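Each of the next two complexes has subunit A plus one other chain: subunit B in the first, subunit C in the second.
After this line comes the complex of A and B, so read on.
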């Protein structure tokens, strides 16, 4: 909805706007949906002027349709796939995290969501040498842990420091600060971040449910709107800047005691791919986890892979159920 | 500013009116005068003034910086290395936690009744006051008691033991000087105690904490013992409870991060029945489990007390044994059987233990 103000197109001046406002026409939409003949009779404005202004406004504000083939070409040339560094997870995610999409990790407390985010961030900043933006809403960002992970990858101090400098951390604790942060990133923050550090390729939000879950339900009427705004910002950032967005979410138990991802049905449509992380019961090493693919547009769902949080880059033994032969795809 | 109007922290009714008047972005509003805004959007004069005030504050450098400033992980590493941690006097537990209870994070301690949660909290409230030259933090503590289980005599015992411990350690003149000021009275006077009787008082107290912390910047530890008690009895609407708890958790982690303090919460246990088996799990529900940054579960195994680190962003899971002695929270001794003078609190000081007085020491 764009307000009619003087100067948005030649021919609109103060009296023009006053005359229109007397007919209760305040925005561009109201103006173009009116019949110019009737309008010319009701206000004392010339028919020609109205038609000319209408034409200019229509050309200025209509959206352009794009053909599917062009869209496909653009997608092929701009999408990149970022490996997570762990072969089992890459298998589940169809070779890695796709840019332009939102991927979600859910799991019970202590199931390893934050550790997976750390491992992916370290992999992207060290192996792929790209900048990672990390939005921390729970105070769980621990730079010491990142350093520990980097030390297992390389003994060179300089490389470790360089990789640490490519991970930028934002600490926000409520939904309005999160929205301010995301909007700032969208407007000029991302360009600033990519100067002198390599381009930004990943944005992580840990966790999105910490700021949103207290607003949903009960007599509150704003929760849904804020949830959808956050979703919109994340999607726009992913698409416009070709980065991959990784979010974490909590789990709740439904009526039968089964685990389901938090934030409800509305949020479940936002991420493109969802993984559920769980501990392995009675395992000899306590760092084993299983990842189950619960939503994906590329793979068969309910594939399960096991991996070890301590040995991120090593191949784990055979997956538990449902292996599908990956077809050879031509990557961009 | 590139903020959209729906994302501003204003009342929903005001936002609806602003959007209907056609304002989309915050920059549309910044040049308006209150009367003009009043007429165009149809909101009252006070609301218009409030909106413009909020936008002006938002545009201030320090406010903007909070949401848009980023630290690189390298800066964060330097910051973390400068922060200390609060020792628990149980060296095995300190090793598991990476030096002690970490600053700038919320730690949750869950356990069955009588296992030592309040003892650990009181020990931490004393330990945070250990002077900097002895390796401590030299800060004050705020203890929010909701159960009424805080006992001053017990804290005095622990304080006495800490003073004695420091006396044995003092070597150079700086430490001896600090030791002169470290007395039981001083330790007790640096401990602020608040008693909350129900959840409303607790929420109000947490709401007032930012003011309190700006008036007392030396406070380095906040203990809430326990957070489960006011929320578990007398609460009809469970979904409201979850929402309140999540909001509370976010406020606490914001305080912990902004003021670099440690926040310790105590939780109770409940039984979950699944597949015909029952097991003890922390109370307050599944989503509360995500609220605290670190989670420590204390439990019994026969006559031994074990502490397990269940959730932490930087430390590996581990289980260690500890014991409660006259001096407070300590490492477990190597003997199998708890002997009378090292286990449950000695009877001269009164019945401070929740365990039955007559123990079977066979």
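After this line comes the complex of A and C, so read on.
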């Protein structure tokens, strides 16, 4: 609620506020909901002044309608699709991560969510030369691993350093610091965070359930409210700055024993696309994973693709029979 | 009592108020009951879990409204209030292009370029983003002027009106009246708008409250899979349709549509179902549909 105070708009002074308070009107929404004619009769303010103030307040605080045609033109020019670097994931995501949307990776521990986030971050900073903001809530960010991934892409030290510089890491360990970090990013503009000419195009939060799941449950409302506030901030950042947001989440089992994303029904409406990562049973190498598309507005659901965490840019053909000899790349 | 005291309106506003808006009764006979389509002043609530096709159905209905009459549309202007940044304009335009292309194959398409036709349709749509329930209330007050001055505006879509449910509940503290105050004021304002101007309102609500048979007051506890096994499985359609928004909103709803996931068809396509109940007709109108590239395809079941 927005409290009526002196100076929030021209025409509101001390006596104006006092006169309204005598009618028990303390907030902007109470004021706007009242009929100005009745109000002018009840308190000592002039009808003209009330109507003028009402108009100014409405102009200040409402959201304005945008014509569909203008919105479409704007979206056409600003929406981008960022490739993840892995052809199997790109196929599932309909050619990549779309800006202006939230994509969610879910999976049990060890299913590779953080590794996928690293690989996508490295791809965006090295191939696409854009800045990535990485919010780490679990302490799992490891710069050495990023360097390893970059070293397999290019032997040039300078390029590696440049790409590493484009990944900005924020460490937050509770929901209030997460909200403060997101609000700070949103209000100061992301341009300040961009590095070396590459504008910010991706925000990753690994993982959002680590800070939220401890607040949920029981009958308190605070946890759900904080969850929805985090969701609102992420969405606003994605839409207003035209970046893609990638979050990771844990899994639980539903009543039928199937895996579903954590954080409950209210969070499930938030991401636009959801991938479920799972280990491949009886695989020759332990780095194979499958990704299942469980929510998408662009593709048929329940598509499954297999991919290898170690060989990120290779197209993986699922073999039905026979063995495949995979070279173990020696890690430098 | 306060309705008698009206602000002075000019001639155009008077005519637009008295003339009435274009009727939307035939907007989609597949999903609305026979003779029970949304008339002037009706409020339709679209309720369902995530991924059950509510947004796709909204796009389908909006496109029906904004398309020109020669393509089978109603040429009605639409205001779309987007509360959770969910609106996908690119998807809407791809469905619109598909529809315009298929309808123009029969008719004469020499008048204008396809792009120009898409633009003229999109000019009938306005989109507003709200980021709190207070902003929704103030925006509705602001839009009152738009409704009175534009008689071609027949449909208001709010997606979704339950987005700020938890935030409001927390901000309201202990008292339920405080928690529901914003939504109650919005519902009262919507009631006034629909009665004065005869617009139709479509609103989506997320299904987040589980309908426990023995304990109706308990909201769903996320992450606790052990407790969910005690209750019925989620296959029954009444499991998630507990109405949880304030009474003022429930009083103005005239049609309620429940969306659920049905089965997966033989060609691996998910089939969705809607069940529409309204206060004017008896019984439930059910319908099945699939989501394809060009929008919604209804599956004839009878």
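Please note the rule applied: the second predicted complex is superposed on the first by the 305 of 332 C-alpha atoms of A that agree within 3 Å, B and C clash if a C-alpha of one lies under 4 Å from a C-alpha of the other, contacts with A are read in each partner's own complex, and residues count from 1 in each chain.
The rule is short, and it goes like this: contacts are C-beta pairs under 8 Å (C-beta built on N, C-alpha and C of every residue); 3 or more make two chains touch, one makes a residue touch a chain.
All of these numbers come straight from a predicted model, not from anything done at the bench.
A.B. asks: Looking at the overlay, what does A:300 touch: subunit B (first), subunit C (second), both, or neither?
C.D. replies: After superposition on chain A, A:300 lies in contact with subunit C alone.
A.B. asks: Should A:165 be classified as contacting the first partner (subunit B), the second (subunit C), both, or neither?
C.D. replies: After superposition on chain A, A:165 lies in contact with subunit B alone.
A.B. asks: With both complexes overlaid on chain A, does A:184 touch subunit B (first), subunit C (second), both or neither?
C.D. replies: In the superposition, A:184 touches subunit B alone.
A.B. asks: Should A:176 be classified as contacting the first partner (subunit B), the second (subunit C), both, or neither?
C.D. replies: first
A.B. asks: Now for A:149: first (subunit B), second (subunit C), both, or neither, which partner does it touch?
C.D. replies: After superposing on A, A:149 lies clear of both subunit B and subunit C.
A.B. asks: When the two structures are overlaid on chain A, which partner does A:225 contact: first (subunit B), second (subunit C), both, or neither?
C.D. replies: In the superposition, A:225 contacts both subunit B and subunit C.
A.B. asks: For A:79, decide between first (touching subunit B), second (touching subunit C), both and neither.
C.D. replies: second
A.B. asks: Output check: A:213 vs subunit B and subunit C. Expected answer is one of first, second, both, neither. What do you get?
C.D. replies: It touches subunit B and subunit C both.
A.B. asks: Who does A:252 touch here: subunit B (first), subunit C (second), both, or neither?
C.D. replies: both
A.B. asks: Quick check on the output: what are the common subunit A residues between the subunit B footprint and the subunit C footprint?
C.D. replies: On subunit A, the overlap between the subunit B and subunit C contacts is residues 1-2, 213, 216-218, 221-222, 225, 229, 252-253, 262.
A.B. asks: Which residues of subunit C touch subunit A in their complex?
C.D. replies: Listed in rising order, the residues of subunit C that touch subunit A are 2, 5, 7, 49-51, 55, 66, 79, 84-86, 88-91, 93, 118-119, 121-131, 134-135, 137-139, 141-143, 146, 163-164, 166-167, 169-171, 182, 185, 189, 206-208, 219-225, 228-229, 231, 233-234, 240, 268-270.
A.B. asks: For a test of understanding, state which residues of subunit A touch subunit B in their complex under the given definition.
C.D. replies: Against subunit B, subunit A makes touches at 1-3, 26-27, 108-110, 114-115, 118, 133-134, 137-148, 161, 164-174, 176-177, 179-181, 183-184, 186-189, 193, 207, 209-211, 213-218, 221-222, 225-226, 229, 250-253, 257, 262, 286-287.
A.B. asks: Flag every residue of subunit A that touches subunit C in the complex, lowest number first.
C.D. replies: Listed in rising order, the residues are 1-2, 28-29, 32-33, 35, 37-38, 57-59, 61-69, 71-72, 75-76, 79, 213, 216-219, 221-222, 224-225, 227-229, 231-232, 235-236, 238-239, 252-256, 262-270, 272, 295, 297-298, 300-302.
A.B. asks: Help me check something: in the complex, which residues belonging to subunit B touch subunit A?
C.D. replies: 2-4, 6-9, 12, 19, 21-24, 28, 58, 64, 66-74, 76-77, 79-81, 98, 104-106, 237, 239-240, 242-244, 246-247, 249-251, 253-254, 256-257, 274, 286-287, 289-291, 293, 295, 310-311, 313-314, 316-317
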